[in-house]
Amino acid sequence: MLIVDVKALHQGYRGKPVVRGVSLGLGAGAFGLLGPNGAGKSTLLRSLATVSAPTSGTLRLFGHDVRTRKELRAARRGIGYLPQSFAHPADFTVTDFVRHCAWLREVPRRDIPRSASEAIEQVELQSQAGTPLRKLSGGMRRRAGIAQAIAGRPALIILDEPTTGLDPHQRVRFRELVRELARDSCVLLSTHLVEDVAHTCARMGVLYEGTLRFVGPPAELQALGTADAPGDTPLERGYATALGAPPVQDRGGAQ
Amino acid sequence: MTGFLIEFRRSPMRWAALPLFAASVAMVFFVGGSWQGSWPETSAATTRAAVPLMIAGVGLAAQQASRLRRSGSDLLLAARPLPQVELTRLAADAAWLSLVYLLCTVAAWATAVGAPGGPWLEYPVFGLSGIVFALALGHVLGRLAPTRFTGAVAAIGGFLLFSLVFSTNFSPLAYTAFYHAIDVRLSSVHLTWRLVVMALALAAACTVGRLLETGGRRVATSGTGAFFSAATLIAVAAMPGSGSLLLADREAEEPVCAPGGGSSVCVWPEHADRLPEAVEAAGKVARAAEGVLPPPARYSEHGLGDGGTGGFTLDHGSRDLLHTLLLELTDAHKTWCEDESEKDLQNRVNAGLRLEAWLEARATRSAELPSYDYAGDVSWQQEVRDVLTLPEPRQVETATTWAEEMRAPC
Amino acid sequence: MLTREDGAFSPLRSHLWSHHGVRSILFMAGCAVALTWWGGQAVLFPNLSGEEAIPATGAAFVPLLLGVGVLMSTIDDMADFSHTAALPRRRVLSLHLAVAFGCATTLTCLALFLSRDAAAVPLALRNLLGFTGLSALSAALLGPRLAWLFPVAHTVPTFLIGSPGERGADARWWEWPRAAAENGTAWALAVLLLVAGTGAFLWRAER
C-alpha cells in the first residue's frame, strides 16, 4: 500500500494557484523534493501534511481519504511534520516541545517520555534537553524541530527545508538519520541543496511552477543533464535540465 | 510612499475597519434625529464617530507594538532611521481609521445636504486628531508593556478612563463637543492645543523605540524619545480644561428674519430653512397672548439675542419651540427688583408661572398644562386649570391680572 | 533528582503552558479583584447623545474583561503544530473554553459575594455569557488576539449613547448589557451570542 497517494492535486495560496495537478505515489523510503524558490514545494508539503485542504484532486495517506474528520485524524497520527518556520512558547524546553508535539500526534501517553528522549538523542540535543528553545541557536532549534517530527517514529515524516541552519557536521549526521528513518518510514523532504537529496534519497522529484518535471532516482536525473546546462556537478546539470522539461505524472511508489 | 503603501496593505487595522465602521455609524445614527438637518449640529454629531475609533485605536496600536516588541522585529537593523519606520507604520494605521471616520462623517453630512450653510471642517479635524493621538498613545503603551493582554487592557482601560474623567474638570475633552446647540462652536484655542498634543504624542511614539535600545547608541539617542514623552505629558497637563475654552460662543452673525406674530422672528443663517416653523409658532404665541401681553419687537433664536432668556430653540421639537418663544415673550415684561421681600418675589414668580402655563396651554390648544417639573409649591397649577375652564373674556381678565402682578414696578 | 525532563508527561500542564494558562488566570483574577472593588456600585458613564447619563455597575461592565480573558486564554503558542494535530483541536478547545468560562463564572460569583453584591450575580452572569459570545465571534473572524475588538466595539455605543433608563428598565435590544437582570430579550441575546460565537470559533478551529 502506498503511504502517500496523490492524484491531480491542485493547491492555491491566497487565491493564487501554486500547485497545479501533481500526481505522486510514495511508499517507505526517502523522497527528496527539489525546486527553485516559489516552485510550490512548501505548499505541496503543507497539503500532504494536511495543514491545508487541496483545492482539487485526491489525497490519500496510508489509504485514508483525508476529506473526512475521522480519516483525517487517523492519518494525522502517522504524520510527523516540520514546517519551514514555526513559533513556540518562549519557555518551552526542548523536551517540553518534543513531548507536546508527540501528545498532539496522539502518541500513547506512557510512550511519550521515551519517544521524546529517543528523538532528542537522534538529533544529538541530549545536552540541551532542558534548555529553553529561545536560548538555542537557529540550527539547534531546527534540530529540535526535526526531533518533534520523528518522535514516536511516524510512518510519514515531512520535513520542509530541514537542513537550513545546520552546520556541516550536523548536515552529515542528518543525512545518516534520514537514511535510518527511511528504512521503515516514508521521509519526504524539500531542499534547495542537490547534494542533500543525492546522498539521502532513493527517489526525488523536481517541482517547477507547480508541476513535477522529474520523478525518479538521482542517477536518472544525473543522466538527464546536458553538457551545456548550468551547474558544477552532473546532478546540478540534470536538475537544471529537468526544470525545462514538460510536466510528468508519477504513478510509481517502488523505492 | 512605497513604504507607506506596504504598511497600509499589511496594517492590522484593515481587519478591524468593518466592525469599527459599524460601531462609529451607531454612535452617530443611534442618537435621536435632533442633530440632523443643520450643518452645525451635524458637524458636532460626527465627532461621536471618532470615539470607538479612538478606543479601539489605542488597543490595536498597543497590540501591534507589543507583538513587534515581543518578536524582536521592532529593532531590526534598517538603513532607514527608526523614527521614520515608526512614522510610516503609524501613518498607515491612521489612514485606515481615518478612512472609516471620514466615511462616517460623509454619511452624517449627507443628512444635511440642502440645508443652508456648509459643513464645519474643524470638527473632522477634532476627530482625526483624537484618532492619531490614540494610535500614538497605544503605540507607546505597547512598546513599554509588551504582553498578550496589552491591546485588550489598553482599549478597555482607555475606555474606562475616558468615561470616568470625561465630565470632570480633568477631562481634555469637551463634553458638549459631541452634541451642542447652534450658538457655540469649537474654540480655536482648544483645537490648537489638541493638535499640539497630537503632534507631540506622534513624535514621542516615533522616538520611544530608541529608549528601548541597549548599549552605547541608547545613551546617544534616547534623549529625543524622553523629551517628546515628557513634552506630551506636560502638554496634556496644561490642557485648557472642560470649561468655556473648549466651546466658544459664536459671533452673532447677520440673522435671517421674517415678520411673525406681530414681531420680527430671527434665526441663525444655518436655520434659515426652519424660519417658517418659527414664524408659525410666533403667530400661535401672539394669538394666545392677545389682549394680555403685547409681542416683543423681536424674537431671536438661542445665541442671537442680547440677554433675556437667551432666545428660543428649534432643536427640541415644536412644543419646546413654543415654550421658549413664550418665555421670550413674558421675559420682555418681567420686572427684576434688587430689594424685594421673599413674599413679594414669590408672588411675582408665581404670577409669571401661571401666565406662562396658561399661555402655553392656549398656544398648544390643549386643556392640559405643560408637564414641566416645578419645585416648591405647585398649588397654583390647579388655579390655572380652573381658569382654563372659564369663558374666554374671564380667562383674559385673569391672565391680565397675572401679567400685571408679574410686571408690577418695584 | 527527578526533573521535568525525565518525569512523566502531563498533557494538562503542557497544554496550560503552551497557552500561557497562568497569565490568563492571573488576568482573570485581576478582573475579579476589580469586580470586588467596583461590584454593584453605580458609576456614572457620560452620555454623548446629550441625554441624561445613566449609571452602570461593575457587575454590568467587568464581565466584558472576563469574557475577553476567556477567549484570549485560547491563544496557542504551538498553533503551527496544533492545527495539524491528530488530537482534535475542536475537542481540546471546547474543554479549554468550558474550563476557562467556569473559572470566569466562579471568579465573578466570588467577587460579587465578597463585595456583598450577591443580588448583581444574575446580571453579571448574563453579561459574561454575552461578552464571551461576542469575544468568541471576534476571535473566530479576526483571531483570538483580537477577541476584544467586537465586545469593545459594542460596549462603546452601549455605554456612551444608550438610554436604558433607571436600572435598565427601558433598554433597547442592542443595549442588552445595560438591561435589567429580569429582561428576557437581553438573556436571549446573551445566550444566542454565546452559542453563535463559540460555535463559529470552534468551527473555525479545525481545518
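Side notes on the structure shown:
Note that the chains are named A, B and C in the order they appear, and that numbering of residues resets to 1 at the start of each chain.
The definition used in the following text is that a residue touches a chain if its C-beta (ideal position, glycine included) is under 8 Å from a C-beta of that chain, and two chains touch if they have at least 3 such contacts.
Protein identities per chain, from UniProt: A = ATP-binding cassette domain-containing protein.
The structure presented is a predicted model; accordingly, all values stated were derived computationally and were not measured.
Chain centres defined as mean CA positions place C nearest to the mean of all protein CA atoms. When chain centres are set by their Cα atoms, the one at the greatest distance from subunit C is A. The busiest chain interface, judged by C-beta pairs in contact, is B-C. Mean C-alpha positions place subunit A and subunit C at a centre distance of 41 Å. Between subunit A and subunit B, the centres computed from C-alpha atoms are 63 Å apart. Centre to centre, using the average C-alpha position, subunit B and subunit C are separated by 33 Å. Listed for subunit C are residues 20, each touching two or more other chains.
Of all residues in subunit C, only 3-9, 11, 14, 17-18, 20, 77-88, 206-207 touch subunit A in the complex they form.
Considering their complex, residues 12, 15-16, 19-20, 22-23, 26-27, 30-32, 34, 48, 51-52, 55-56, 59-60, 63, 67, 147-149, 151-152, 155-156, 159-160, 163-164, 166-167, 175, 178-179 of subunit B touch subunit C.
Across the complex, subunit B is touched by residues 20, 23, 27, 43-46, 48-50, 53, 61, 64-65, 68-69, 72, 75, 138, 142, 145-150, 152-157, 159-161, 174 of subunit C.
Contacts from subunit A toward subunit C in the complex involve residues 49-53, 69, 72-74, 76-77, 79, 81, 83, 86-93, 95-96, 99-101, 103-106, 109, 112-113, 116-117, 129-130, 148.
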